[in-house]
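Just so it is clear, A, B, C and D label the chains in written order, and each chain counts residues from 1 on its own.
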Amino acid sequence: MILFECDYQEGCAPEILSRLQATNMEQTIGYSGDGYCEQARQLILRKIDAPQAHVHFLVGGTQTNTAVIQYLLRPHQGVLCANTGHINVHESGAIEHNGHKVLALPSDNGLITATQVRDAMEAHLHDPNYEHMVQPGMVYLSLPSELGTLYSRQDLHDIYAVCRHYHIPLFIDGARLGYGLASPHCDLQWHDLPRLCDIFYIGGTKQGALFGEALVICNPDYQKDFRYFIKQGGGLLAKGRLLGIQFLTLFTDDLYMRLAHHAIDEALRIRQALLDKGYTLYRDSPTNQQFAIFEDSKLQALQREFMFSFWEKTDATHTAVRICTSWATRTEDVNRLIEAL
Amino acid sequence: MILFECDYQEGCAPEILSRLQATNMEQTIGYSGDGYCEQARQLILRKIDAPQAHVHFLVGGTQTNTAVIQYLLRPHQGVLCANTGHINVHESGAIEHNGHKVLALPSDNGLITATQVRDAMEAHLHDPNYEHMVQPGMVYLSLPSELGTLYSRQDLHDIYAVCRHYHIPLFIDGARLGYGLASPHCDLQWHDLPRLCDIFYIGGTKQGALFGEALVICNPDYQKDFRYFIKQGGGLLAKGRLLGIQFLTLFTDDLYMRLAHHAIDEALRIRQALLDKGYTLYRDSPTNQQFAIFEDSKLQALQREFMFSFWEKTDATHTAVRICTSWATRTEDVNRLIEAL
Amino acid sequence: MILFECDYQEGCAPEILSRLQATNMEQTIGYSGDGYCEQARQLILRKIDAPQAHVHFLVGGTQTNTAVIQYLLRPHQGVLCANTGHINVHESGAIEHNGHKVLALPSDNGLITATQVRDAMEAHLHDPNYEHMVQPGMVYLSLPSELGTLYSRQDLHDIYAVCRHYHIPLFIDGARLGYGLASPHCDLQWHDLPRLCDIFYIGGTKQGALFGEALVICNPDYQKDFRYFIKQGGGLLAKGRLLGIQFLTLFTDDLYMRLAHHAIDEALRIRQALLDKGYTLYRDSPTNQQFAIFEDSKLQALQREFMFSFWEKTDATHTAVRICTSWATRTEDVNRLIEAL
Amino acid sequence: MILFECDYQEGCAPEILSRLQATNMEQTIGYSGDGYCEQARQLILRKIDAPQAHVHFLVGGTQTNTAVIQYLLRPHQGVLCANTGHINVHESGAIEHNGHKVLALPSDNGLITATQVRDAMEAHLHDPNYEHMVQPGMVYLSLPSELGTLYSRQDLHDIYAVCRHYHIPLFIDGARLGYGLASPHCDLQWHDLPRLCDIFYIGGTKQGALFGEALVICNPDYQKDFRYFIKQGGGLLAKGRLLGIQFLTLFTDDLYMRLAHHAIDEALRIRQALLDKGYTLYRDSPTNQQFAIFEDSKLQALQREFMFSFWEKTDATHTAVRICTSWATRTEDVNRLIEAL
C-alpha cells in the first residue's frame, strides 16, 4: 500500500538523523537552554529578518496552539477563527479546556477575511449585552489553511490592519508553513511574516522533522514569561536540544524549503492529473493537500493500492478525499497514482 | 416609561416580602441546611411527584447552568444545545471557562430535535478522528426556549429516549419554567418533568422571587457530592434560608402558577393585539416573551412611552424587538400598549 | 438554643427590609445598572475618599474572591496568602478550579508579614528552575483575618510597599471589614483603605445585609472589563438593585458602622468574661470572632443552651471553639452566656 | 566540564538511534496506531504480567501527570501527594491550571505513608464543613521519590489498601522507575506494579530514550476514553511510532534494566565514596540521585570540573547538591569525581 493520507507517515529527513547520531553522547543542559537551540534560533531570526523576535521550540501543534492562545487571551475572551480551523475541529476541545470559546466564523474555503474580523468586533462592541458575551480577543488563522488554500500578502495585510485597529493580536498556525511558502501561488516571503502578524509558528513535524514546531513571537509585548506556559502545558521537552538540532539542520543550506518544494511539485502533478482526467476538485488547493471527489466505485478501486483521508460524502455515490504529499513522497509513488487515476 | 424589556424589573411577590419580614430575626443555620429550605424541598418534591429527587437552591441561572454542566460532563466532553441557547450566547463564556465546548446545533425557533441529537452522536461515533474531537456528553435545552417557544411532551419524550440510548444526561433550563407550564399551548405537567429529563430547574428570579432557582436532580446517578460544586462555583448562599423561604412561599397555595398565569394572560393579549393590527411576529411564541417586527418610525414612536429589548434589524427599515410580561405586569400598562399599537 | 456559631444566622437590618418593601414594585433595569446601585456607589466612594475607584456589587464572598483573583492573575501565577486564608481552606478549591495555585504562607495568627511576601518573591526570582514553578502574582489577605486578628496601618503599609516593589497587586478580603474597623484595637480608617491596597471589598452578608459584598477597585489598572468576570462567574445578579438598595441603606446615616460597633461591644464583653473567669483564649481577637478553649465537660454543659463553631481539639480533654457575635446579637443572649461561663 | 546535574543530558541508547535509522522511511499511520507501538505494548504487558492493562505512550512527565490526574479527578477533588512531589513543586502549576488542588502532605524524605493518607481522608470526612473543602480524590506518589528514596513492597501494599478502602485511585509516577527497580534496596518487581496501584508510568526520557513515557492503566475502570485526554492535553504525538520504536527497543533483551543497573552501580559508587571520605549525605538515597552536603569552598573547587544541581543552603557555609547518574554516565567520569572528592 502507498499512503497519501497525511504528511507525517515517515520519519525525518536523513540529514536530521545524521546530526542526532553525531551529537548523541554530548552532554548539554536541558529545556532548550543548550547551544544547538541557540544556533537554530539565530538561523531562524536571520531568515525572517526579525532580530528582536523570540523563538521557542515545542513538540507539536496542538500544544503550541494551546500555549499561545492561553498566553494571549484574558479569561473573558475568545479566539476568532474559521469554522474549519484546527483549533475548532481537531484538538479535542483543548482551547475550551483551557477556558476560551472558539468564535467560529463561517468559511467555505478555509480562509477568513478582514471584513469578517471587523464585523465580529463591531457586533460585539455594539451589542447592548456585550458584557454577557465572550469578547473577541485575538485572531487565529492557518497558513496554508486546513483546506490547502492560501492567504495572499494583501489578505494578511488587511487582516492584520483590522487586528491592530482593535488592539487584538494575530496568530498564524504554520504547521505547514513551508508548503505554503513553496507554492508558486504564494506571494509571501519569509521576511513578510514578522511584519504581518504578532506570532506565528514554523511547522517541523509535517515538513521533515521527527517532531517539533518553532514558535516565533514577533511582537515584544507578548514575549515575557512565555516559557512558564510551555512548561505548564507539558510542552517543555527535557532534552530540548533535540528540537534545536532538528531546526538547526532544517535551516542549514535551505533544507526546509528544498523539502517543501519537493512536496509541492508532487502535489501539483497530482492536481494536474486530476484535472486532466476530468475529476472534480473538492477544493482547489495550490499546496501539498489536494482534495478530489471520486465516484465511489473508482475510489474503492484506488483504495486497493493507495490510502487517502476520507473527507466527506458529497452525494450518494461520490466521496471527497484528501491526498497529501510531503517532503518524503516518492516520485514513483506519484507516478503510480497518476497512472491509476 | 413603562418597561417591557425583561421579566426581572420589579422586586418580588408581596407574599415573599411578608414572609421575609416575619422570619427576619430568627436564627437558623447557614447554607440551606435550615428548616425553611427543607419545607420548600418537600413541597417541590410533592408537586412533581418524585420523592427520590434532590432539590438544591441557587441564586441565579448562569450559576446553576455552570454547576450542572460541570457536574455532568467529563473534561473531554461538550454540551449539545441550540445555537440560540443561553449558555451559548449570554453567559460570557462561562461553560468554556469551566472547560467545555458548547456544541451548538442550528435552530431557527430556539428548539432542537431528537433527530439532531441522534445525528450529532452518530457523527461523532463514526468519525475516524473522533478522539481528536469533542465528545458530546449531554444535552441542554431551555423550556420555554430563549425565543419563547415550547417543546411538547412528545418532543421531550423523543429527545430523552435518544439521550438514554446514548447514555448522556438531559438537562432542562427552566429559568421561565412556570411561564411555559402556564401556557395554554403546553401539554406538559409538573409531574412529567422528572420523567422526561435527568435534571431541571424551576426559575424563581423571573417568576416572582427576588432571586433564586430551584434545581431538581431527578436521576440518582447525578446526586452525589453536588453541593461541593455549588460551593466551588461561589453559589452556596450563606443565608440559604432566603432561598428556602422564597420557594416555600411560591409553592404554597400555588402562588408560583398563579403568578405565571397572569404573565401569560397579559402576553397573549399583546400577541393577539399584534396580530389583530397586522404586525408581523418575528417568532410566534405562546409564552411570556413576545417577538414583534416594527417599522422603525413606529418603533421610535412606541419607545417614547415603552421600553422593549432590541432583538435584531430584520431589514433596512424594520426592527425585531422582544416584549416581555411577567408576574408583575400591570393590566393597565398592557392596555396602554395595546392602545398605542 | 442561642446561636453564636457564625455571623450570618439572622436576616438583615430592619432598615433594609423596609427599603426593599418601599421600592418593591418599581421598575428598574437589571444587572446593577439602576439608580440605587449608582447612589450606593457614590456613598461608598465618598466614605473612602477615592472618587476614581470603581465599585461592583456581588452576592457572596467566594464569588468575589474568585472573580478578583482570576482577574488579577495570569495563568502561570498563584496567589500568596496565609495558610489559614479563606481561599486556601474554605472555598472548595474555587481558586484552583479557576486555574491558580494558592501559595500558602505559614501563619499562626491568621496574618502574614511584609517579610514573608518579600521572601517568597525573592525565592522565586532566584530559583534556577523558576519557570518550572508557579510565579507569585498577587497577595490576598483578610481584614480581620479568619482568626479575628487585625493588621495595623503600618502592617498594611509595609505589605503594600513590598507588593508595589515587585509589581504585584494586593487584594483585601473584607468579608468582616466593618467588624475590623469598629474594633478599638484598629488604627485604620475608611479612607486609608484605597491608599493601602489595589482592591478590597466591604462585606455585607455578615454585617447587616441579606447578602452582598461591595467590591472596590482602587487601582485604575484593574478596572477594565471587570463586569465580564462577574457575569462569567455567575455573579451578576439580575435584580442588581437589591444589592444597591442594601448598600445604599447601610451607608446612609452610618448604619454599617453602628451595626459593627454593636457586634464588637458584645464580642469584647464575652472576651473579658472569658479572661475574668480564667478561660484560655485559643487566639486573642479584638473583633467579633472570639476563640476560647474549654474543658470538654464544660463545653458540653454550655452546648445545652448555646451553639458555637467547633475549631479544633487542643488536647485529649480540651476543645477550641469560635464564638461569634454580629450586628444581630442580642445583649440578653450575651448576658446569658456570660452567666453560664 | 563533566555534568552530573540530571539524568537527561545526553541523547539516547545507541540501539534506539539504530532502530530509528532502520525504520526511517517506512510509512505508518499516525498517533500510535502503528505496529511498533502495538509490539511495544505487548512487550510491556508481558513484562508486568497484566494482559488486561492498557498502555499509552506520551512524550513527557508533566504531560503524563496532567493527563492522568485530570482523568481521575472530579472537579471538586484534589490529589494527595508528598509536599516534595513533582506535581506540587516543579510543574509550573499544571495541576492547578487544570483545576485541582494539590493536597500536600508533609514529608521529610520524599515519601508518604498509608497513615497519612488515611488521616487525610478521615479528617475530610469528619469535617463539619467538608463541602467547603477540597475532597481528596486520589493519591500520587513517585517511585523513586524526588529525593531518590524508595517505597517497599509493604509500603505500597499498605497505601493501596487505604486507597481501595476509600475508593480513591493510586497513581505512581515512574519517571525514574527503572532506577528504582534496579536498586539493590528495592524489593519490588515488575509484576508487582499492576497489583499495587491503579495506574503507573515507566519513564523513558531519563532512562535511555530520546523522550517518552509509557503509561500503564491497570484498573479497567480508568481505561475508557483516555486517548481524548492525551490529545486534549497536546500530548498525542503525530508520529507516534517514534515512541513505539523506542519502547520496543528498550524492552527488547532487557535493555531498559541493563541501562538502569549501570546508572545505579555508578551512583552507589559515588555514595560509598562520599561516606568513605566523611561527607554528610543530605538524604540517603539508594538510587541514581545522590544528595550530598559540601562545605562551600570544597563545592566551588569541585564545580571547576563538575556540574551538580543546587538543592539548598543547609547553613551559612554549607550547601546540599544533587549528583545524578544515568544510563549514559561514563565510568571514567565517576572515577574522576571520586578522585576529586
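Criterion: a contact is a pair of C-beta atoms (placed from the backbone, for glycine too) under 8 Å apart; a residue touches a chain by one contact, two chains touch by 3 or more.
These figures come from a predicted structure and were not determined experimentally.
Set against the C-alpha centre of chain B, every other chain centre is closer than that of D.
Across B-D and A-D, it is A-D that has more C-beta pairs touching. The distance from the centre of chain A to the centre of chain B, with each centre set as the mean of the Cα atoms, comes to 42 Å. We define each chain's centre as the mean of its Cα atoms; on that basis chain B and chain D are separated by 49 Å.
Chain A and chain D have CA centres that are 33 Å apart. Within chain C, residues 75-76, 91-93, 97, 99, 131-132, 228, 231-232, 236 each touch two or more of the remaining chains.
The touching residues of chain B, counted against chain A in their complex, run 75-76, 78, 89-93, 96-102, 128-129, 131-134, 310. Here chain D touches chain A in the complex through residues 1-3, 5-6, 8-12, 14, 17, 20-21, 23-30, 59-64, 66, 91-94, 97, 205-206, 210-211, 228, 231-239, 242, 328, going by the rule given at the top. Against chain A, the residues of chain C that register as touching in their complex are 31, 70-71, 74-76, 99, 131-132, 135, 225, 227-229, 231-232, 236.
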